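Heads up, the next two complexes both have chain A, just with different partners, chain B and then chain C.
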Partner chain A sequence: MIRIVRFFQIAFCMQFILTALPVSAVDFTAAEKRKILRHGPWPLPATPDPSNRVSGNPAAVAFGRVLFFDTRLSTSGSVSCATCHRPDAGWTDGRARSRGQRAVDRNALSLFNLRFNRWFGWDGAQDSLWAQNLRPLLDRREMGIGAAGAARLVRADRSLSCHYRLVFGTAPGADDDRVFVDLGKALAAFLETLVTGRTPFDDFRDALAGNDAAGRARYPAAAKRGLRLFVGRGNCAFCHFGPAFTNGEFADAGVPHFAGPGRADPGRFGGIRKLRKSPYTLLGRFNDDPTRSTAVKTRHVRLAHSNFGEFRVPGLRNAALTGPYMHAGSLKTLADTIRHYSTLDEERLHAGGERILRRLDLSGREQADLVAFLDTLTEAESGPKVEVKSEDLFCR
Partner chain B sequence: MISRRRFLATSAAATLLPSAARALGAPMPIFDAHIHFSHDAAERHSVGEAVAILERAGLKRALVSSSGDAGTRALYAAAPDLVLPSLRPYRRRGEIGRWVDDPSVVDFLEDRLKRFRWVAVGEFHLFARQTDKAVPRRMIELARRHNLLLHAHSDTGAVDGIFDQWPEARVLWAHAGFDGPDIVGPMLEKHANLWTDLAFRSEHAHGGRVDDGWRSLFAAFPDRVMVGTDTFTPERWHHVVEHAAWTREWLRDLPPDLAEKIAWRNGEAMIRPHLAQLR
Partner chain C sequence: MIRRRLRGSAVAAAFALVLSAGSATACERLQDWAGARKIAGKTWTVWWLSEPAAIPVGAHFSVRFRLCGPPARQVRLGGWMPDHRHGMNYRPGVALAGRRGVAEGLLFHMPGRWQLILEIAGAAGREKLTAEAVLE
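Showing the complex of A and B:
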């Protein structure tokens, strides 16, 4: 009997040691805890976009969903938004550089959590989600139908025209640009719904906030070690900040940015240039925000030579589903991306001013831990959530 | 269609009389004080392509230094009237942070100084805590012996340190030390042989308007400031033309005489005493 009791005592102790050791190895300091808590709570409150009068309108969401899958919005009639932003592929296409009607220079960004962005696209050439939706329609390499072509299609097509009327309360008018922008706004209403769900990290973060020991213990030890690196020595959280894991800005991550022979992708520098020339910005006549407070960022954005070669700091929620990574898809996996920062060529970064990025020289285990952490930013249930539903066909 | 005669007249005017050339609509010539053609850039661009970019940007002169140095020599050989060769103490770009402790850098410099002719040494990265180290000391000594300009990416302490070692040195302070006019002004006041380039800087002008603080600095030291692109990665060669256009845009916000000085005259005046080294 004593032997049996002792056996259970030893077994209990062994189990305690085995489970407690990895956890105690990554007990977070008060400073680390503060940093971790900044990455939540999630989801963020969803407020309508004041620059888009149909933001949050269910009829606009339905119209946007129809437009998203409509190949007639390309000049060839074979490419839709969903060609490069596949719902079954993390709203991207798995290619390094995407291909619409022709190949483009950049990787298709995922569409997750766009509603929280300040700037749009790898170069931030658009200052609203509705303006971003117009870009591929104008680019001949992508869909290229243009403002007049898109407006003509909507006017001529009974179903699209019906949707338009339901959403905007009037038939599509003679002003091509107005109709065109309204399509961007309907698409934006749909894309605003693509918000990622809760993740194992969110459960851990909330357990940390609520002092829930059992909830904290459920989070894998490797992810905890990766999280410590993320907010600590790796300094990843400096740019991948806040609940969406992005500061919403642009950075030179030391990634080569030749777009092809004799061509460099100027990144944010070119983006600001395009923004200033575009008629579809928040400074223009299509901004529905009467206060124009939404346009402050656009009015004050400044062009700097350091912007040349800077690209969007993407959010990291569901990152595991959206490879390859970087603006031209040069890094295939999350492990490759971590390795890039671990072996960073600092000479590619300018030596002047405040240097944020440093070569991390992570061990193999540390790199694996960071990947384990990033994996916990994947929503518990992911995959295609969007289909063209029968109610979308009311206007047929 | 521009006639051949008019083209020749405009070109001649641009070469000989920049003010007259501007009056004819030619772009303001620019002395770009901060160009690199390092080994990785030379792998991406032929010498012909690189020279064509400099010409397309409307550069009158370019102070060129390169990690690996072969790029500088190749550009100078191809365009001796355009390129001013500067000897950089780096064989590869990765030596930026290590060169001050690497005695073999001295051998490299001595060898290159024996074999080729230069107007400057730099751009090198040197900070206050490093100026007394043996390798930078020897580099400054070599520059003194060969009467070369020093192109220093440095903080104020290192600039002071260079002048401590060689009071007659002529120093081009890269990026104006990434300092503001409140720091740059007193430094220019303190050191009569200090010039500064604005490479990789943008805060002195926005939307074609010159910032008030910088405008005051330019007015107070009209002969001491110049511009530069800084092609520190191969991709930045595709920014040279854009940078020159941006520069001309904000220079238009200054009095024409001051604009011309910053655009090219200051660079020409700074480099003139060193041109004899090329003969």
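Showing the complex of A and C:
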């Protein structure tokens, strides 16, 4: 009997040691700490967008929220922005490839933290958030109402017209394009408010910065091991850099880029070409920043053959809520995404000699650790529920 | 006739000496260029200064530079990440006024070792100068 009790005592102690061991085993080096610290602090300061004169304007936020949920902005009258960007689904739609009025080739990107982007959309064909909001209104597969249709709707509808007047100081004028762009700017003012909250990672990062041992100890051991891989052998932080976990640029992640039989999605290559043809860029007449300081990227962006098949590096905050992943939603879960990089087919990369992505050959535990780390980038408390207030619907 | 030519040559040589001495003096770092770095090549030497002073990762920056050496017709700037074998996604614009210039639109989009590359062309030939920067 005593022997049995002693056996259980030893077994309990062993289990305790095994459970405790990984926590103390992850002791970050000075170089690792520096790499970890650059992923914060969070949240970033929120500065208004100088290219949008109603950025940060509460009346514009309310107007943008109304527009976001308004199905009359589609030619069928049945699709709104919220059809593909559902507030209850991480501002995506959970589909691999989205469906507006018709199916499209790409996955609906989440709307979290857009205000910190340099480029917008998977291919970066838009250089401002307000221009990005115009794209689905022009694409017949998505909403397709067009500039003239949208301007007509706002002029004719008493409530929308009232909102417009409150935000822009005048009634919607005769210039369709001007009214259309202003709708994009009101939508942008609303979308700028969708900033993710603090996460367990942020608490750990700040504890690391402040040398708070108790705070560091609260962070799960598996997440610590995953974080070490993220900033180290995984090479993830080259592209998923900084507090928003994106360098804001484009990469070929080695996923197939055929949009259909015999039809390739050119990605960034097509995006830059679209940008150069668009009348709605920061180089054009709709940029409210007279200094054009925000247009440096647009003026200097370079089109290269290597841009073919590149897609925007998405931020990873709240990534756990926004699957499926990659530009065409080809990877269903975060675990699938980690497995993709672990078993990467290097032949599939159109890297042109680049040496960033390499097959990682991660063990099962390492893959699980990376997922555990990514899970800690999910905000601890979701923000207030986004809905249209009744008083906003009846502006008079 | 010959004497006049010789005298002409001597004057030209003396003038060239004064000019080159002048350019050597002018190649000292300017007083308001604290933190400027120097790259010395065979034909040209360049003082350069980034704005902001610490090159950021993933944000645009500009470079002010000053050339020492013969006049340059064109200066181009670029970036290269030797470990990854890729350059920048942007083509900087360079405004050159005499021996001074400003390049705008540079962006190093990853942490790690970058090379800032200056390609200088003029009647004296072409030269490629490289400075290294490690971004964290």
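Assume the second predicted complex is superposed on the first by the 365 of 396 C-alpha atoms of A that agree within 3 Å, B and C clash if a C-alpha of one lies under 4 Å from a C-alpha of the other, contacts with A are read in each partner's own complex, and residues count from 1 in each chain.
What we mean here is this: a residue touches a chain if its C-beta (ideal position, glycine included) is under 8 Å from a C-beta of that chain, and two chains touch if they have at least 3 such contacts.
Remember, predicted model here, so these are calculated numbers, not experimental data.
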Which superposed partner A:G262 touches (first chain B, second chain C, both, neither): first
First (chain B), second (chain C), both or neither touched by A:A150: neither
Partner chain in contact with A:F250 - chain B first, chain C second, else both or neither: second
Partner chain(s) touched by A:E347 [first = chain B, second = chain C, both, neither]: first
Chain B versus chain C as contact partner of A:L334, first or second or both or neither: neither
First, second, both or neither for A:R302, with chain B first and chain C second: both
Chain A positions touched by chain B in one structure and by chain C in the second: 302, 304, 306, 353
In the complex with chain A, residue positions of chain C that touch it: 57-58, 60, 83-86, 88-93, 104-105, 107, 109-112, 136
Contacting residues of chain A [partner chain C, same complex]: 34-35, 38, 118, 237-239, 241-242, 247-250, 296-297, 299-302, 304, 306, 353-356
Contact set on chain A toward chain B in their complex: 256-258, 262-266, 269, 302-306, 308-309, 346-348, 350-353
Chain A contact footprint on chain B (complex, rising order): 44, 49, 93-94, 96-97, 125, 153, 175, 178, 200-203, 206, 229-230, 232-239, 242-243, 246
